[in-house]
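The same subunit A turns up in both complexes below, where it pairs with subunit B and then with subunit C.
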Partner chain A sequence: MSVIYLIMPIALLMGLGFLFAFVRTTLSGQYDDLETPAHRILIDDELSTPPTPNDKKGNA
Partner chain B sequence: MNQPEKAQEFDSFSYDDDIVKKFVHATLIWGFIAMLAGVFIASQLANWRLNLGLPWITFGRLRPVHTNGAIFAFAGNAVFAGVYYSMQRLLKTRMYSDLLSRVHFWGWQLIIVAAAITLPLGYTVGKEYAELEWPIAFAINVIWVIFAFNFFKTIQIRRERHIYVAIWFYIATILTTALLHVLNTIQIPVSMWKSYPIYSGVQDALVQWWYGHNAVAFVLTTPFLGLMYYFLPKAADRPVYSYRLSIVHFWSLVFIYIWAGPHHLLYTALPEWAQTLGMIFSIMLIAPSWGGMINGLLTLRGAWNRVRTEPILKFFVAGLTFYGMATLEGPLLSIKSISAVGHYTDWIIGHVHGGTLGWNGFITFAMVYWLVPRLWNTKLYSEKLANLHFWVGFLGTLTYVISMWTAGITQGLMWRAIDASGKLVYPDFIETVTRIVPLYYVRAVGGALYLSGFVIMLYNIYRTIALAPKEVEPVVVRAPKLLEPTFEMLGRKPHRILEGLPGLFAVLSFVAVAVGTFIELTPAVLSSDYVAVNPAVKPYSPLQLQGRDIYVREGCYLCHSQMVRPLISETLRYGSYSRAEESVYDRPFQWGSKRTGPDLARVGGKYPDLWHYRHMMDPRDVTPDSIMPIYPWLYRDKIDFDVLKKKLQVMKSLGVPYTDDEVEHASDLAHEEAHRIASGLVAQGVPADTEDKDIIALIAYLQRLGADFKKGLIQ
Partner chain C sequence: MQVEASASLAAAVAEKTCLHCGLPSSGRFCCKGCEWVYSLLQEKGLSDFYRIRDRGRSIRKSGPALVREDNTDLYGHLDDPAFVALYATPAEGDSGDRIMQFYLEGVHCTACVWLTEKVATWVPGAKSVRLDLGHAVATVRMSATGSFAQVAREFAKIGYRPHPVRQDDSLRLETRENRRALIRLAIAAAASGNIMLLAISIYAGATGAFAKSFEWISFGLCFPVATYCAYPFYRSAWAALRSNALSIDIPIALGLLVAFFASVASLAIGSHHVYFDTVSALVFLLLSSRYVLRKTQQEALHASRLVHFLTPSWARRKVASPDPSSAAANDRFEEVKTDDLHEGDRILVLAGECFPVDGVVRQGISTLNCSLLTGESRHELAQPGSLIFAGTLNQQSPLEIEVRAGASATRLSQILRSMEESLTRKAPIVAFTDSISRIFVLVSLALVAVAFAVGWHFGGVNEAISRALAMAIVACPCAFAFATPLALSVTMGRCAKEGILIKGADTLEKLARVDSVMLDKTGTLTTGDFEVLDWASNDLPTLQAVRAIESRSAHPIAQAICRYLARRQITSDESIRIEDFREEIGRGVSARVNGDLYALRSAGDSGAENEDTTQVVIEKNGKPIDRILLGDALRKDARKSVLALKRMGLRVGILSGDRRPAVLKVAKEIQIDPENAISSATPESKSELIQTLPFGLMVGDGANDAVALAAAYVGVAVHSGMEISMRAADVYQCQAGVAPIVRLITVARETVRVIHRGFAFSLVYNALGTVAAISGKVNPLFAAILMPLSALTLFASSTAGTRKLRAALSDKEGDV
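What follows is the complex of A and B.
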């Protein structure tokens, strides 16, 4: 059962890791707006206006 | 966004859809093979003759091909297809590196091919869903890291500040799967295709099911929820019912899932507090799981009329319902008193397939039907065939699940039936098997129906792609730059950079601490001081060890457990319950999870050697109604005596108390023991040349099982 000393801390760390990520993302404002993200994904950007000469080339 | 003084700068770019197409193809091809293997092994359980007496396609070797194929090849490739498609769009960027995407794709397919070749050859670690031997397990780690690197770099170069909930599910999948897989596959190689895990017995069991349950959680649940959160709103053209709920249920799901593993080990030799912990967390899982189901179903509010006609929405609705059903059934099965009936029976098989066929399969089909016309810039060949696929698949799933529920509960109750005088009502295990064999036929039909539905989809998709225009201009996408860009912080103070990369900082620190903990604790785990060793219990003799490796090779653990639970009905049938110290030298542990045949923990000494000799030749010879395959090759193939020294060396390095003398003369010791067993058999009329055959080693091992306990060495 000594393996419990290995996997308990790792499980705890995973939990803490997720907790840390949760707190950080909350503080960074990820969840300030819980309405528009759900709508935004429905907009297909393929349908947006054609490129203009001023556009910069993105990564490929 | 609030910078009106500055004109918006636009980037124009295109998405890498070629990689998505590749993964879709792989999903369809491997899905067919994995499901075909499933139908075949289901038929083998209904009729043992289908094993054909060939080692490579006998149930024990083919079952891992089905499970690994369904999980990592079919579901795995489906997840990758969905992730590559959705994340580029959600993050408004092309993947960080097209090359890494392709390395990931081809690497993953090579791993699958390697698995499909090595598993039938009997190269297996002997732990469920972690069967692949060390070179392949290592390759999985490498390819996974490449995928993870590409994934996180893509998040870093995103043009959309908000990380949509689907991406969060993908992040959890990538991180957790990596960690669990690495931890569960730490093994010391003996040769190119044989290794021993560093953990043994109860420790190996705990690590394995910690991994095994989270394989379900983070390969079959979180990524599919992510896919659902992207493709369902897209298909329904409606925003997700509650974005807030999606965030809440994501975080609660990932916090709780980690702890549920021990519910696979209820009533075993695992300490009781760990079992109770697993049970409690499993029940808590109902809440976040149903959060996902409810959120998905309610997304269709106002669109239910379309479910009637659109096959994609049908698949989503049925998939989510099966998800809800499986995630209620799972926690219920984790309650100890229910587990007492359900564990080791086909109920578990039914439960798993409700999830895989109903949830993973249907969500994948919905996604493929939605993706293919868009990827190939065309329309679906036949909506009618897709609807037919749905109904055939739905019927197949129900047939499968209901037959296995019935079989499992029937057998579970028969095992524990005790009459008024305190005796077992069905003392012969075989009685409980013949009762459910008809249901094995029904299950095979259910599986075949599901496979037929899949073939209908293959045809439909093939025609769809064949009709697609050949040359299509890549679509150019325009998106404004991220105005608070994460990557433009590069060049400032290192810590500031990390803080500016959401997620990545969390990941790096997490990995750093995890690695540190691991390095710190590994010696403690390996040290024999920590292993509860009973000095009276001797390690396996070289021949027994060889026999054990044959037991693992033939996948015996897939139908036989080695764990008598402390329940009256079990101790009456098998003998005293299993103690943790009995499996202290077991690498890997072979407690098993299913009893298609009886438990073997106390089989040693129960029958004479000759019984085992005849039984493996043809089980019907000693048990007329047995459904076990025949193993004629064990009587042809010779024991590899030369490898034994190396095997004992590895075991000794892992803390098994072999003396130097035993290691040096491992081969001689095995020869002596084989000679002893064989001469006893020859005296009873067995052919004289059996002494160096695999069957002798296997008999040596089987006769050792539980022998220490019977000798009174363990209290």
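What follows is the complex of A and C.
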């Protein structure tokens, strides 16, 4: 059971690490807006009509 | 380049709706603005807008984006160094980038997010645009050389009118406080979770070195919770003590401190009576309930801030020309914030816009719609010298006005301020909780002492501390303290989102007690707008000529006639030639149609002062040939909603200033007993009558209803009724008609039911817990598990409401 003396600190340090990450992301403002990301996820990165300078000419 | 049209575009063409905004239209587009935006999107290769818009439609919030036409440069001043210094903040790091925020009118869906953020790809210098949809605020990051004015112009082009947001301290403070609260919550959650694991192994029988080390680790974890996380409770308890008040935070702070220091002491002397688990779990639960409460309240506040956008927050100010002789040719206008207008400034207000401030007309003639201020649908003439109040709508042609009072001194802003004050008013039902909680605090402190004494008597000092602690935890009134405000704030926040602004929390409780409803006729039961009531003519050439002439006028009577003719499928033919179109404001219109001189003249009121009918005489070559009778028409939903109110056990009546026959006609149509339909009432007699109803609800809009609205047990001001009626009323409702009243009363009744359910539950729980704690049947751990259970149940009960409440809140049509 003495392994617990090794596991406990590791577990606590891991928890502390995540807590630290959470505090940092909070301070950087990631949780200020919880609504827009839900919409943003619907937007594809790839567009069917990528905006390039050539396209502009073609359309005009 | 061929662009793949999405299914909805094809459907839009088939359904005769605008390709861009989806409003009904005769051609492909409803207006030049939409056509412009459409071609701009195609040009920039952004036709994906329509695909993304359709995909996100399920989570879309409301109506189409606002599109306006504008040729003047309104955003040039955004690059002014003085302006940038006030509105922009330097970005972190040393890139030299600057950040400015814009409030965008009309953003509401996924496609809006996509489109606004894409602006950064074609504006030179723009690094990124991020939109916060909930607050409709776009954050623009710009390189040191880029132009904010250009970004603003692009936003305006794609249909979202931008307003730069001044970096306000209160906003920044709110964000900082929110972040701090979240961090406190996170630390308490992490610590209490870990301590719970350790505590369970101790309770399960861990002894010796294990127990000892677990206790020390618990102490290490609990220390930040008992100090940093619990700090808000200590601060508020201390503030209450200093002002000699009894607050719910006093027993909480006391319990936490006693438990923490007793545990530290027993840890130091090697005894095993440590309660770190209890302390941290308690702090975690209290913090989480307060966090949710804070969020809902902020949401309600944000929603009600929308009221401010009833008046424009910007204005076109005339820039003084250095050379007076060429002033007319060189009139330049700049966009300024309404707050920055001063007495004496000249501003230009176009047709269809609201006046941002009070002022005097200097140039131009137009008609005004003052319904926002007075509730009367009659239209007033404005000419040089006329007084104008903020919130009035300019209907026909541009007006140049001289500012009389700054933005903060207008009548409208005074009303808005008084509304904001009353939003923070305390509800009797909350005050009732507060007074109970005061007694509660005293009783629970006494009970803790009793538990301590009883414990001492039976088992010495450890037993005494154990029982006293259990008692303090069981009696923790947090369930009591947050359940009621939570239920109220959830309902008020949701109502505000739906356009029903409830001024004070007490109003909800009063609404639930209402037993009779008195409705104003004009504007509530009827549309309050001109509709053609009677027009005998079937002569097609005349109808077509009238249509051709009236479609050129923006006057409400002309629009009503056009609507009527559109319903009768009369279109203006291509072959009709119109010459000499002339509009004399206040008198009528005239034009030559295929050679004949037609004139439409308002014959004024057809009857007594209070009857809302107007006659228009059609003249052909100087001879009257026909008459059109226009007036107020009954709303479509009126009958159904009145029935629904009756089914809810309410007495429904009409209270109108109109003449008897007009009121009786409406009463008959919506099945209200003639004895409940009161006509020819003066403002004074209305208020006298409403006072005879101890639980009467008054619904009205006009200035003539204001006294009655204030005198009524509950007053509801609807739709356009603004100025005094809104100040006097308890509820302001953006939607017109009776249907929202049905919904409002249902929502209020259900909310009060939720509150009472919470009271009953928490009293039963606390009574049981007290008996168990004093008799020593409950140890602190048991209490610490039961207490959160009770709190969580109340929490869930308050936020979820009842099935009926959820249905009423989500039902857009009010079909209860």
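Note that in this section the second predicted complex is superposed on the first by the 49 of 60 C-alpha atoms of A that agree within 3 Å, B and C clash if a C-alpha of one lies under 4 Å from a C-alpha of the other, contacts with A are read in each partner's own complex, and residues count from 1 in each chain.
In this section, a residue touches a chain if its C-beta (ideal position, glycine included) is under 8 Å from a C-beta of that chain, and two chains touch if they have at least 3 such contacts.
Remember, predicted model here, so these are calculated numbers, not experimental data.
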Task = Pick one for A:A38: touches subunit B only (first), subunit C only (second), both, or neither.
result = both
Task = Using the touch definition from the top, say if A:L27 reaches subunit B (first), subunit C (second), both or neither.
result = second
Request  = Using the superposition on chain A described above, determine whether A:L13 touches subunit B (first), subunit C (second), both, or neither.
outcome  = first
Query = Touching A:I4, do we find subunit B (first), subunit C (second), both, or neither?
reply = both
Request  = Check the contacts made with subunit A and report whether subunit B or subunit C touches more of its residues.
outcome  = B
Request  = Could you list which residues of subunit A make contact with subunit B in one structure and with subunit C in the other?
outcome  = 1, 4-5, 15, 18-19, 22, 31, 33-35, 38-40, 42, 48-52, 55-56, 58-60
Key: Parts of subunit B lying in touch with subunit A, wherever the complex brings them together   = 9-14, 16, 89-90, 92-94, 96, 98, 157, 159, 162-165, 171-172, 175-176, 179, 183, 199, 202-203, 206-207, 210, 230, 233-234, 237-240, 243-244, 247, 251, 254-255, 258-259, 271, 274, 475-479, 502-503, 505-507, 509-510, 513-514, 517-518, 521-522, 524-525, 527, 530-532, 580
Query = In the complex formed with subunit B, which residues of subunit A make contact?
reply = 1-7, 9-11, 13-22, 24-25, 28, 30-31, 33-35, 37-42, 45-46, 48-52, 54-60
Note = In the complex, subunit A touches subunit C at residues 1, 4-5, 8, 12, 15, 18-19, 22-23, 26-27, 29, 31-36, 38-40, 42-44, 47-52, 55-56, 58-60
Key: Of all residues in subunit C, those that touch subunit A in their complex   = 1, 3-4, 42-48, 51-52, 55-56, 59, 109-110, 113-114, 118, 121-122, 130-135, 175, 178-179, 182-183, 186-187, 190, 194, 210, 213, 217
